[in-house]
Amino acid sequence: MSFEQFIQYIFSGITSGSIYALTALGFTLIYNATGLINLAQGEFVMLGGLMAVAMVALGLPLPVAFLVAVAAVALLAALLQQVAIRPLLPKGVLAQVIATVGASLALRTAAMMIWGREALPLEPFSGDTPLRVAGASLLPQTVWVVGLTLVIVLVLQLFYRRTLTGKAVRACSINPQAARLMGVSYSRVVLLSFIVSGVISAAGGVMITPISFMSYSSGALIGLKGFAAAALGGLGNPMGAVIGGFALGILEGLSVGVISSGYKDAVAFIILLLVLFVRPQGLFGARVVEKE
Amino acid sequence: MTHRGPEAPELTSASSAGRMGDGAAGGTGSPPAVPGAPGRGHVSGGSGGTPGRAFARRNAGFVVLAVVVLCLPLFVSDIYYLSILAFMATRFIVVIGLNLLMAQAGQISLGHAAFVGLGAYGSAILVTKAGFNPWVAMVVAAALSAAVAVVIGIPTLRLKGHYLAMATLGFGEIVLILMIQLKGLTNGTDGITGVPPLTIGGLDFSEPKAYHFLVWGVALVVFLLAQNLTSSRVGRSLRALRRSEIAAESLGVNTSYRKVQVFALSAVLASIAGSFDAHYIQFVSPDQFSITFSIILVTSVVVGGFRSVWGALWGTMVVVILPEVVKRFNEDAVNLVFGLMLILLMIFTPIRFGWLDGLRKRLRRGGGAPSTPPDGGRKRGG
Amino acid sequence: MPVLKVEHVTKRFGGLEALKDVTFSVHEQQIKALIGPNGAGKSTMFNLIAGADKPSEGSISFRAHDLVGRPAHAVSRLGVGRTFQHSRLFDDLSVLENVMVGRYAKTTSGVVTGVLRLPRHSREERQTEEAAARALRRVSLADKAAELAGNLPVGERHLLEIARALATEPDLLLLDEPAAGLNEEETARLSTYVRKMRDDGITVLLVEHDMGFVMDISDEVVVLDYGRKIAEGPPLMIQSNEDVIRAYLGEEI
């Protein structure tokens, strides 16, 4: 593979890696708050993209559509948590897995019924004339994706480390009893985690749609790969999730050049199985969540 | 067997417990004298009478089912309904295996479509490309599925909870990708056509009623054997390890071995069902074995209930018949209904099943909600 | 030769040293107690002996057999039985079926014999049921044989777990807080049971917080504190040992 091709693969890898990072972060937030893996996480991404498409079709300008889509998914996430997740928490892991799988299936099918089976496009945020960087062509949308992803990660970092609410959330996942004694409302923390998780996943979905389009079935794959990224970084470790996401994206992108594009998807699953079999705590160590 | 009253707190060592009772000799014993023994009076035959009659008494439900199923072709002639019944039979076989894995052993597989696919593709490839006899191909494909299940199962079944679920999902996806990518073998997304129907001697099973007897015959035998398994020593060990792997291990149960064993068994059943379907539809393609199909298989187990293997029957019936009903209103809504059913069933299930140990441990460490029987607070645990 | 030899056992969890250089033995038909304040490492020690976990250093042997590295089910088959703190019963199985699982290692019929209902399976099942019923009668739980194990009150849960462990015909029985949550009468009955076990040839190692029970029933006591053995000897000697008293200061005994 030539150097230009290599750079090209890296660029595409970083692009999808951003979405994996956001999805992995979404998993991590919910896992840290509840100890539960939200198997419908990928659907948040998918719905973000499709919602934005719908809003644009209704005539809303793109930035507004972005915000509305993200808000809609945030609302959905909150609803899901209140109605479905809360009663599941005492029911045990098997019940939670089955229920979130069911949620994923239901959301996917609803999306198919609303938007059809075609993959739908969205206008790129700032045009589609490629830039030339290091001999490879870079879509401006890619800059948006990576840039916004890094901004989101930074904002979350600041939120969780500097603000009182953020610290309260972290306290909850480290020691729920002590946090409660300090007046932190556990149920509010869980709700917040779901909302933030929905927001960042939906944002990822909106950002990636101009590049790779979005269909009702896109979420399932993104969700699985996002989980693979989170596991690679270490489940429950937010930095691990982000690094895992980018790492997975880059490995996937390079594999297109080294193996073939047909097996691209398999890379994530093989990495997932390797992590789970060989080093379940991931690269940076997973959290053992003290569940409420 | 004398009964000692409660005033004699006699606890002799297990050496007496070990003294093997001679019990009733041979096959004509009495129905279990011990209350609490698992059902179906498996302690030898009923009280006298022919073995056949004893069998019927013990397995009344099964006999009724067999009679009903085998008489159906007398009343049903519409090819469409007969084909639905045929799918129900093979689906039933897969779900029985998955029921053993999930309801009995407490594991989960979100990638079981892969094993159905291995059976279907195995049969299709061996028969159309290598000229194998279909029955031999079915056995070879099943053996292959078992081997894959063991190889995948050993590392995977060490995982618990969502890790296990995700690993099986990943496995399912990998098999799907292989089906599409190994074009030389599988024809990729085009699939393999021209899979011949099954025959025995001169009898051609492409005739719907003949096929009905064949496939339901197999399904009924599998059902009976599965029931035997659940009420056997091995079945009991599965239920024990589902409840608490640690306790089962402490009693001498090699839980890793049993889990992999039941996983392989469920893979074999899925494979056989896949082979039957391949010969019936005479066509295999990758999109028959999607993750959605895996989820629908899990739905069948969950809907039918975890109490016994009968759950596999109820679940299969619901999952095969419901789409026919929903289709009249909206073609696409079926999976939405399944998804919602899964959520609602889990929300309203009273049982806290599966991975109880892990949950308990986490609750205790977190110091949060009270977990198991309150020990009166008098003596604090360490 | 002692039944159980624990030699220089150390167990680390990441940076935490749960057990440090612990050595003790348990002799034939002895009743030995392992005591210590909360977090002293007692349950960890049990897990190491029973094969549920591996020591970081040291050796554990049962008669001539090295236990380290054996999986729990193999340790059980060698003749080591155990009960658990917060009984791990099979709650959705009947009381009788719980004990029947205890007979697992004494029977051999597998998938084929079970599925095909071969005579060997039926014979073994009958024997298993009868052995289990006998075990239940001895702890006076026979009348609850058909009851779901999850419905039993605490005292009976402990007894059931003991009956289940005894069904494996162990030479060494590890009892993890058998008296937790029991009232005086139940504790006295438990003492009788444990003594009878010893008389029948079983060696007992138990972890307990109920000092009355421990002093009453044990031949020897090992005291752990912060993972280290700080004393070992007959109950009376332990009671007056200064280190032991200091370790328990601040703890409600």
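Should a chain be cited, it is by its letter among A, B and C, assigned in written order, with residues numbered from 1 in that chain.
Methods note: contacts are C-beta pairs under 8 Å (C-beta built on N, C-alpha and C of every residue); 3 or more make two chains touch, one makes a residue touch a chain.
Quick caveat, the model's predicted, so the values are computed rather than measured.
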Inset, instruction - Counting only chain pairs that touch, give me the topology of the graph as line, ring, star, complete or other. - result: line
Legend entry - Most heavily contacting chain pair (counted by C-beta pairs in contact): B-C
Inset, instruction - Please compute the C-alpha centroid of chain A, do the same for chain B, then give the distance between them in whole Å. - result: 34
Inset, instruction - State, to the nearest whole Å, the distance from the C-alpha centre of chain A to the C-alpha centre of chain C. - result: 47
Legend entry - Centre-of-Cα separation between chain C and chain B, whole angstrom: 35
Legend entry - chain B: positions in contact with at least two other chains: 353, 356
Inset, instruction - Spell out the part of chain B that touches chain A in their complex, as residue ranges. - result: 106, 108, 110, 155-156, 159-163, 165-167, 169-171, 173-174, 177-178, 180-181, 291-292, 295, 298-299, 302, 330, 332-336, 338-343, 345-347, 349, 352-356, 358-359, 362-363, 365-369
Inset, instruction - Enumerate the contact residues on chain A facing chain B in the complex. - result: 35-37, 39, 84, 87-88, 90-99, 101-110, 112-113, 176-177, 220, 224, 227-228, 231, 260, 262-263, 265-266, 269-270, 272-273, 276-277, 280, 288-292
Inset, instruction - State the interface residues of chain B toward chain C in the complex, per the touch definition above. - result: 1, 3-6, 9-18, 20-21, 23-24, 27, 29, 32, 34-38, 42-44, 225, 228-229, 232-237, 239-240, 243-244, 246-256, 261, 265, 351, 353, 356-357, 360, 364, 371-376, 378-382
Inset, instruction - Sort out for me which residues of chain C touch chain B in the complex. - result: 36, 38-40, 42-43, 50-52, 71-73, 76-77, 81-82, 84-97, 100-102, 104-107, 109-111, 113-117, 119, 121-135, 137-140, 142, 145-147, 153-154, 157, 162, 164-170, 177, 179-183, 189, 192-193, 196-197, 200-202, 207, 209-210, 252
